[in-house]
Amino acid sequence: MVSQVLEKPAELPISARLAKNVRRHILERVIEFILMLAALSAVATTISIVVILLYESFTFFEHVSLWDFLTDTEWTPLFENAHYGILPLVSGTLTTSAIALAVAIPLGTIGAIYLSEFASHRTREIVKPILELLVGVPTVVFGYFALLFVTPLLQKIFPELPGFNMLGPGIVMGIMIIPYISSMAEDAMRAVPMSMREGSYAMGATRFQTAIRVVTPAAISGIIAAYILGISRAVGETMVVALAAGQQPNLTFNPMESAATITAYIVQVAMGDLPHGSIGYQSIFAAGLVLMLMTLTFNIIGHITRKRFREVY
Amino acid sequence: MTTQASVLENLAEVRAMIRRHKRNDFLFSIVGLLALMIGLLTLLTLFVDLVADGYPRFNLDFLTNYPSRRAASAGLLSAWVGSLLVMLVTFFSAVPMGVAAGVYLEEYAPKNWFSDLIEINVTNLAGVPSIVYGLLALGLFVYGLGFGESILTAGLTLGLLILPIVIVTTRESIRGIPVSIREAAYAVGATKWQVVFHHVLHYSSGGILTGIIIGMARALGETAPIITIGALTFIAFLPPSPVTEAAPFINFDWLQSGFTVLPIQMFNWLSRPDHAFHINAAATGALIIVVTLLMNGTAIWLRYRIRKNIKW
Amino acid sequence: APAKNDIIRIDGSSTVYPITEAVAEEFQKAKKIKVTVGISGTGGGFKKFCRGETDISEASRPILTKEIEACKAEGIEFIELPVAYDALTVVVNPKNTFIKSFTVEELKKLWEPDAQGKVKTWKQVNAAWPDTPVKLFGAGSDSGTFDYFTEAIVGKAKSSRGDFTASEDDNVLVQGVASDVAATGYFGFAYYEENSTRVKAVPIVAKAGAPAVLPSRESVMNGTYQPLSRPLFIYVSAKAAKENPNVKAFIDFYLANSKELVEEVKYIALPKHEYAAVTEHWKAQKAGTGFGGEPEVGVKITDLLRRIK
Amino acid sequence: MVTTTSPIKAESRDLNFYYSNGHKALKGISMPLYEKRITALIGPSGCGKSTFLRCFNRMHDLYPGNSYDGQIVMHPDNTNILDNGVDPIEVRMRISMVFQKPNPFPKSIYENVAYGLRVRGERNKRVVDDKVEEALKGAALWDEVKNRLHDLAFNLSGGQQQRLCIARALATDPEIMLFDEPTSALDPIATANIEELMSELRNKLTILVVTHNMQQAARVSDYTAYMYLGELIEYDDTDKIFTNPSRKETEDYITGKFG
Amino acid sequence: MVTTTSPIKAESRDLNFYYSNGHKALKGISMPLYEKRITALIGPSGCGKSTFLRCFNRMHDLYPGNSYDGQIVMHPDNTNILDNGVDPIEVRMRISMVFQKPNPFPKSIYENVAYGLRVRGERNKRVVDDKVEEALKGAALWDEVKNRLHDLAFNLSGGQQQRLCIARALATDPEIMLFDEPTSALDPIATANIEELMSELRNKLTILVVTHNMQQAARVSDYTAYMYLGELIEYDDTDKIFTNPSRKETEDYITGKFG
């Protein structure tokens, strides 16, 4: 039986035992507020980074015109004949990153396909954690490895290769990045629904055909996101290039030459004691700002691509 | 209908084709395994290389001696103690903050632009190069707040550096707890905080722990931000002890102390003219690798166990 | 809290670092007084010193006017103490066959600011040399080595081209020259001695008609290795020297043991009489510099000390 | 028309409910729960049974954006428990709930049952021990677990787990208990146990149970409500509903013509 | 007893199947598929219909640990396609499959249909073009898509996607086609389209179809098999099964008394 209540029922008084417990309520709010402050610490960190980079760069750009900064082909801010062109540092950064990616993208992708489509459950369980260990090795160790092991090895192949060059550290950085790319790309591939694979196998396709023609295209945006985040890592990597690529700003894209990256410049300068407020001190913040902008761009593109991919499945 | 026999008609041809295609499968399995092996072989080579160079220093003296001008008697005492103290600060700055932030984002944050903002922030922070944290430390802690080149500065810097790692793993492990458990707790009258504290944090503690260990391992190996802060190179004594014999038993002077850490000591030894120091550097490198691999290995093992034991 | 005095704080030159480190190590063993030593380069060290952050600053060149003023502004007086000699060594890759010696003139052509972006081959330096590229490795701009080298070669401190690999880390320079046929660079003698198989020292012709001289203990001591012989210093805060017995004890220890320790770390010790003069100078606690803020090349230490009033 | 001698324990009055996406899942539902009686809610999937049940302990408050409109009045307080001034936590302490899938905490059996007391700040071990025993007895689980109270709850069978959840809900002496398809994840024997248990509980408290299984509703409940598309179509004595429903829609559903 | 004039195209002989966890999902099934006839498989959820169907193209081989025991013999060549010496790829080239949920590849409509040919290494564009058109026509999709062959397949409606999957399966001239509940994810109109299509395909090839929908089985199939708990309970002319089944279990299922 449905009773027909046409009017809104009148408000009722609240009995004491069911009334809101104010003390508990306030306590809960306080806790929530404290937790929120903690979450805001992440925002505060970002803001501090941005403010400090912008602030110091701002004074830097009072001395140096933005035009010179972006177009001059020499970077010698600490010397008599000072030039403030960021291009040589950018070229070094891009070249080492490009080498790293030339190593990491093919190997990482192949590895990801292997792990996702070919490896048995057992193999995957063993190989993946070991690959993750590679991510844990301190980069300073990789730096010496590039300088004292890989470069001499490369010099056996290219005798005219100088001791500091972009090739060796680029390759080492690439190997460092393989696990990032392979594990993220593998996640993307495993997110491809099994029905897609079954559809392909049911047509008489082999594993390889299924992997290349169906799974990879289906996971492509996730794989690209993995690449982009890999680029961001390569661009921001410091110790490997600072130790092994040489520290001379050099506008070149030739991997056989030595060059300084943005990160290497910052470390190199920071090893001395720069007076707070000098142009040299500000220059590392200006360089840092460029670095931050580059990685931020890649990170954002990467996250957008990944998010888009997640939405598909 | 002729088509129906299309496979049977030229069965030999079809079989040859299948065999050809299957060869690709086989070749790719090998190529794929090799691609993965390259990473592992690198790790192995690197480690063997360091051990081969550094083995003469593998003894207890190496850990109990201070640095010295004589390579053979130089040791890591001040470096590993420095690393330990820096990590202590890192732990206490990053862990409570990161876990609390993760809990807030997962359990409390309303779904609006504000939490989106924090969310985007955290993901981006995770991708900020470590050297930029060094710049932050230089501008904020060293000069802005006047902490100088101290253990406190280094610890806080690395704390900020691993904060996103802690936040992200906290969120991931919290997300693994089913709604039904939360609802069960609410249904008997638990408050939000009780649900979080008695259940959410409790059941995700293993996962959070793996994140903390991975973060701390990362902090241990970080070099670039410490260089920008400016760690000391020769320090042949230990910072004031955090625990004292007399009341109040705790002492915070060590926070302001100068310091050196393992990667910096390695860095310093490698820049010596005398090759004997390079042996020390290799031994230090091997030590750092062993410790970080142990930490990461523990974390991976822990995560594996948690995944295996999950019942819901 | 530990009083600031408890710890003796030292920073500065990477060239002097090995000596101070050796002294500090022995001193701590003998006296149980804490010492920290950093490496920021001579210039970086003076900046900290003049901010009052350190008690002792190591230097591979004399203090400059600018730094004297910075110290004065903070009310910091210093005592200048030479502790050893060094020979700035110009090196090339061992596979380089055509370079037998460098004249100061040639080095200037190679390193002066005007050369930046222009002088790129050996032929541009000396027409007799081949038309192959030249790669330069030198000290970082915060280092005393850089200041001294530019003063001695170009004629004006800090006046250098900027397009070379500049590092505070001398090992980077050794590594760079050792692994590149086209390379040349300069750094302290001790680094050369430790790496004499990987890099080749080049004899220097001080002025036209003079003989080419290789850096060595003898050529430094007898004054023929010019203009790249240099004294190495420590600068002690006068206030700390007076008020802090630990600092005083440390310097006493330093001077008493430096001959032995300097030689142990492969640097060139001062002759006996010069040590005597330095010790004398320390006892007198005379503040000030013998250089008047101008880096000078080729001064005798005894003369130097006499100049300080 | 329901025939009863029992007082009303709670009643919904013209209750509407909107999910955060704007979906109106309940449309003007008015319905009483009689004290120490079992009321069953039946209806096809998606008709709003769970939604209605979860209004009673304000479970919907946990997800932002959901909104109630109307009243659920609890007696003898005569308070609208949907009122903003009412503490949902206090409500949940008096109206407990058992879920579709057994959801014990990954803690010991003992701690699972004791949890409601802990939340109330009860520290006295004796009191807790007693309550736990009582609740486990009430849930007919005591004999099976008394020797392993400190075992992990996950080690129990599905039916035992569900009885544990009932014990957990009982331990705090609730006045009303809500069951959302409590046996749908269980095998027939466990189901029979739970049904028997519910009949026993009937002496102590008021029960609202959602079920998919019409036989179950017929077996255990005193009154039955049939819902369809968010509306309450018919509410009556269970016997009446299953033998002689007033509405055609109810009959169609009962006889399996539809749903 | 089945009444037919058609030769046997394939038959399972005493087929047992074990999943990797040891579960025996098929128990001694012997059943023929007649050439150019439609055979329907019905039975309650979990009875092993999909498992049986997927034996025919050795789909189970994709997951390690599954094992077959018994034979599926294909005619006219009299090959046991479960034999270890027979390559599953070869089997799948002869026997194609359409899945429950449409699963087009993330490619263009054209490339979806051409996929089987590409896998076979067919490079000749003319041949591929012709085959694609023929298959799309065969799947009654040609008119709807001929002007947008290079659109992404995901942009089609569910029913169109399912017909695309049928076209994809058709393009390689299979001898047998397997359908696993091909319409359960579709609306009634799309379902009717697919059913009509199946009737047309009946002229070209042999069809085995799993369905939950008894009306569908009655409408489209020539023979029907009723399975229960991994066993084949009854196999007969569809008319016979639906009007006068020999077995009590079948009757109970058909009349909805059970399941």
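Every chain is named by a letter (A, B, C, D and E) in the order it is written, and numbering of its residues begins at 1.
The rule we apply is simple: contacts are C-beta pairs under 8 Å (C-beta built on N, C-alpha and C of every residue); 3 or more make two chains touch, one makes a residue touch a chain.
A quick map from chain label to UniProt name: A = Phosphate transport system permease protein; B = Phosphate transport system permease protein PstA; D, E = Phosphate ABC transporter ATP-binding protein PstB.
Worth saying up front: this structure is predicted, and the values here are computed from it rather than measured.
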Next on the checklist: Just to be sure I understand the contacts, which chains border both subunit D and subunit A?
Outcome noted: B
Next on the checklist: What are the mutual neighbours of subunit B and subunit D in this structure?
Outcome noted: A
Checklist entry - Looking at C-alpha means, what's the farthest chain from subunit D? => result C
Checklist entry - If every chain is reduced to the average of its C-alpha atoms, which one ends up farthest from subunit B? => result E
Next on the checklist: Rounded to a whole Å, what is the gap between the Cα centroids of subunit D and subunit E?
Outcome noted: 45
Checklist outcome for this item: Taking each chain's centre as the mean of its CA atoms, subunit A sits from subunit B at a distance in Å of 15
Checklist outcome for this item: Distance in whole angstrom between the CA centres of subunit C and subunit E is 86
Item to check | Inter-centroid spacing, subunit E versus subunit A (mean Cα positions, whole Å) | outcome: 47
Checklist entry - On subunit D, where are the residues touching two or more other chains? => result 89-90
Item to check | Residues within subunit C bordering two or more other chains | outcome: 40, 169, 172
Item to check | Where subunit B touches two or more other chains, by residue | outcome: 18, 21-22, 191, 230, 270
Next on the checklist: If I apply the definition of touch given earlier, which pairs of chains qualify?
Outcome noted: A-B, A-C, A-D, A-E, B-C, B-D, B-E
Item to check | Residues of subunit A touching subunit E in the complex | outcome: 120-121, 193, 195-206, 209, 213-214, 217-218
Item to check | subunit C-touching residues of subunit B, taken from the complex the two chains share | outcome: 66-69, 230, 232-237, 240, 253, 256, 258, 268, 270-275
Item to check | subunit B contact footprint on subunit A (complex, rising order) | outcome: 24, 27-28, 31-32, 34-36, 38-43, 45-46, 48-49, 52-53, 55-56, 106-108, 110-111, 113-115, 118-119, 125, 127, 129-142, 144-145, 149, 172, 175, 178-179, 182, 206-209, 211, 229, 232-233, 235-239, 242, 263, 266-267, 270-271, 273, 276, 284-285, 288, 291-292, 295-296, 298-300, 302-303
Checklist entry - So in the complex, which bits of subunit B are touching subunit A? => result 18, 21-22, 24-25, 28-29, 31-33, 35-36, 38-40, 42-43, 45-46, 49-50, 96-98, 100-101, 103-105, 108-109, 117-118, 120-125, 127-136, 138-140, 143-144, 160, 163-164, 167, 191-193, 214, 217-218, 220-224, 227-228, 230, 263, 266-267, 270, 281, 285, 288-289, 292-293, 295-297, 300, 304
Item to check | subunit B to subunit D touching residues, read off their complex | outcome: 110-111, 178, 180-191, 194, 198-199, 203, 311-312
